[in-house]
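Data first, discussion second: the structure below is written as structure tokens.
Chain IDs A, B, C and D follow the sequence of writing; residue 1 opens each chain.
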Amino acid sequence: MRKKLTGFVFVALFAILSINIMRMPGIFDETAPAYNEATRHYLEQSVEETGAVNVIAAVLTDYRAFDTLGETIVLFTAIVAVVSILRPFAKKKDPVGDRNG
Amino acid sequence: MDDLIVKTVVRIIIPFVQLFGIYIILHGHVSPGGGFAGGTLIGTSFILYTLVFGIGPAKKKFSHRMSEFAESGGIILYLAIGVVGMVVAGSFLTNAEAGFPLGEAGSLLSGGMIPLLMIGIGIKVASTMVTLFHTLIEEETS
Amino acid sequence: MTMIEQLPVINLLALLAMALLVPLLRGRSFKTTLILGLCVLLGVLLSSILILYHVHTEGAFYYHFGGHSPVFGIELLINEFSALFTMLIIALVTLVYVYSTGDATEGIGENEYGRYYILLFILLFSMFGIIYTNDLFNTYVFMEILSITTCSIISIKRKKENYTSAFRYVMLNEIGSLSYLFGVALLYMITGYTNIELVHGAIQQSWPLYSANVVTAVAFMVVGIGFKAAIFPFHIWLPDAHAAAPNSSSAILSAIVVKVYLLILVKVIYSVYGVTIMTALNMPLIIGLIAAVGMVMGSVFAIAQKDIKRMLGYSSVAQIGYIVMGISLMSVAGLSAAFFHIVSHGLMKAALFLAAGIIIYDRKIRRVNLFDGLGFQFPVSMFVFGIAALGMIGIPITTGFIAKFNLAFATLDAGRGIFIVIIVISGLLNALYYMPVLISAFLRDNPEKQRHITFEKAPRTMLVPVVVLGILILALGIYPDLIWGLLESAVLSLQ
Amino acid sequence: MSFFQSLLDHINYLGAVALFVIGLFTVVTHGNLIKRIMGINIMGTGIFLFFVAIGNVTGGLPPIIDPAEEGGTFINPLPSVLILTGIVVVVSITVYSLSLVVRIYETYGTTDQDEIAKMIREENDND
């Protein structure tokens, strides 16, 4: 019985969300609200400002480079996290004085 | 998986996979792709090597020490480029004003700091994938 | 760009560089890493104070990355709000860092020390980033770094229940982050910006036109941050997570990390949407009800707890209800009461966890009913524990009383007088679970029937921070104007 | 007729929201830990589809701007950049939770949450 109830709750959630989605703007061309002067700047000026032809690479590593720095730190943290769980004890092979992990 | 055919085939194609990965990273600012995609390619080639030849020889190819260096190396390269922008042009991670040569758009040597950052990201992603895979694999054997 | 305006990024880089340096310092003894870490923390504290002074005198300033305008680049906004809270966070973390040199490594393997401190510095880096940044998607990236570091700190000790509580924490945290990201996507759909101020400007006119977007975005963002900040109905992960973590890190988790998510909630409600939209969607009443339920139920659950750290975890859930109540009043008085409670709860909860940590570190007991007569064997830590517990209840001379008093006043001004009843009830419930611990510690005699006071032999690096926290709790209680002016200007800088 | 037209316009968003809700359902109701990690991935994919659907421009080319020829409609590049960042985040969360599952399986011998909860309850009763 509980399974049916939770199933019903999620169907209701999807119904509410899709009703809201239908009331949202479904425009997919230059007049869409998301296609504003920021996008036009990326598409028109990015070649002169960054010299990169691939606009996505230009945005990724020049305009929003701080995001990508955060990204590499997420990767670095993921390694430290996984290593801290799965490599608990100093291995025979590794130098025993390995105090900083 | 010590089947001879698989070993020889893998030994032949791995250099080409890595070469293609390096191509994708270096051409990140000219054609689709870039640091993330190219790094994944190189990482997968190491994982393929580990799968076929087992963890022992793979550890020699991509030792614990080297993976440690590659991880912090990627980030240090990224930070160094950012600090250059900060020192020269006054704000972190600047490209054009910080004196990085923009070069002629569309050519390989264009884009100022973008290819350098792409290489940094590529090293980081590749070494992350390989280290995580080795950690998970090592877990079973130890 | 004058030198002062480079300081925020220098702070971020210093914390990050320290985190990267720890694995490279493997050769030398561990002492040098600790001392170097302390220098970095003190340096960042000093520069945060400098930034706060600069912002207080010359006003807020922006830091554009790459020299791009905020329309298509990322920027940091350093105003009273971000300068003040980064300074408070680094000050509290430095205190807990000094404490952790003795205790955090208890229960972790021999070569784990380095990993714990890498995670600690990255945790600090992401908290600074969250409070500084003026970009919604950038906040999401830093939130993810914060949640991975928090989860791995929780699961660093090699105990069975750590892994299950850490796993449940990851799952619920991920639901929270992805809901927040869904809110950001909805806002991006109608404005095209991810910069907080530009989104604010664009929403003011266009929200009646795209009301479906704004309503869904508000709902998802508040629920998402609710999951992460452990606001009442979404708090399930907090007690186990904070009980499993090492003592000093549960102090950091409970006193600081949860508050950072509440600061994001404040940024979202006040800087992104603004009071007009929130009152139009009558969100204040909904959030106020959630907070009221949280205040009462959090304390009710805490009463039933046997493990001291789980009890402190549940009491955190109740105190978060207070803060969210202050935020939901949508008034300057309400928000400054909420900020004051963030500061006072941070101090009190850190003092409680650190004091309990000394006892757990020494006696390895965690059951609440085994605290009989510990007042004689652990006078210093039990005394500070007592001050902080009285503060939580709201006894006059402590900072807790000032916080609750201002909150009550703020609810009166905002015309929601009935919430005062809830505040009083919650205060009584707090007394119900803190008093027994104090009574059994000071009045009952311990198994060894020891009546004379013998000072505990915990290392000095653990006792000094606990005493400093006790003094701060009393100082803020007696003379709250120390930071009240700063808090007021932080609130005004958000509008 | 206009309802079907608007339904067609919003089909990307509906698909994204459907994925999000299915992922949420999997995370909330399933007991098996690995299935819950898969649920998180489904949720992440749903949101990234939603983000990219926002940036879609009908008839837009991928934004590789050839300096020679002018004009041409391009898709909005910003959502794609945000997704590159988002994918890496969901990957690292998945790796972390998988390593947790490895440890949980090692200590409890099962990856089913209800059995683990039962074991914990038994331990709490007798100690």
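The definition used in the following text is that a contact is a pair of C-beta atoms (placed from the backbone, for glycine too) under 8 Å apart; a residue touches a chain by one contact, two chains touch by 3 or more.
These figures come from a predicted structure and were not determined experimentally.
K.L.:
If you take the mean of the Cα atoms for each chain, which one ends up farthest from chain A?
P.N.:
C
K.L.:
Does C-D or A-D have more contacting C-beta pairs?
P.N.:
A-D
K.L.:
Report the inter-centroid distance (CA atoms only) between chain C and chain D in whole Å.
P.N.:
Here the centre of chain D sits 28 Å away from the centre of chain C.
K.L.:
Could you tell me the distance, in whole angstrom, between the mean C-alpha positions of chain A and chain D?
P.N.:
10
K.L.:
Could you put a whole-Å number on the gap between the CA centroids of chain A and chain B?
P.N.:
Computed from C-alpha means, the inter-chain centre distance equals 19 Å.
K.L.:
Would you kindly tell me how far, in whole Å, the mean C-alpha position of chain C lies from that of chain A?
P.N.:
Inter-chain centre distance comes to 25 Å.
K.L.:
For chain D, what residues touch not just one other chain but two or more?
P.N.:
20, 24, 54, 64, 66-67, 78-79, 82, 84-85, 88-89, 92-93, 95-96, 99-100, 102-103
K.L.:
Please output the residue numbers of chain B that touch at least 2 other chains, ranges allowed.
P.N.:
In chain B, the residues touching two or more other chains are 31-32, 72, 75, 79, 92-93, 95, 105-106, 125, 132, 135-136, 139.
K.L.:
Counting only residues that touch at least two other chains, what does the list for chain A look like?
P.N.:
Chain A, residues with two or more chain partners: 17, 21, 24, 34-35, 38-39, 42, 47, 53-54, 56, 59-60, 62, 64-68, 70-71, 73-78, 81-83, 85-86.
K.L.:
Is the way these chains touch best called a line, a ring, a star, complete, or other?
P.N.:
complete
K.L.:
Which bits of chain B are touching chain D when the two form their complex?
P.N.:
Residues 31-32, 36, 105-106, 125, 132, 135-136, 139 of chain B touch chain D in their complex.
K.L.:
Which residues, counting only chain D, touch chain C once they are in their complex?
P.N.:
20, 24, 27, 33, 36, 40, 43-44, 47, 50-51, 54, 78-79, 82, 85-86, 89, 92-93, 96-97, 100-101, 103-104, 107-108, 116, 120
K.L.:
Enumerate the contact residues on chain A facing chain D in the complex.
P.N.:
For this pair, the touching residues of chain A are 3, 6-7, 10, 13-14, 17-18, 21-22, 24, 26-30, 32, 34-35, 38-39, 42-43, 46-47, 53-56, 59-60, 64, 67-68, 70-71, 74-75, 77-78, 81-82, 85-86.
K.L.:
Which residues of chain B touch chain C once you look at their complex with the stated criterion?
P.N.:
Within the complex, chain B touches chain C at residues 68, 72, 75-76, 79, 83, 85-86, 89-95, 97.
K.L.:
Which positions of chain C touch chain B when the two form their complex?
P.N.:
Residues 1, 6, 9, 13, 16-17, 20, 23-24, 63-67.
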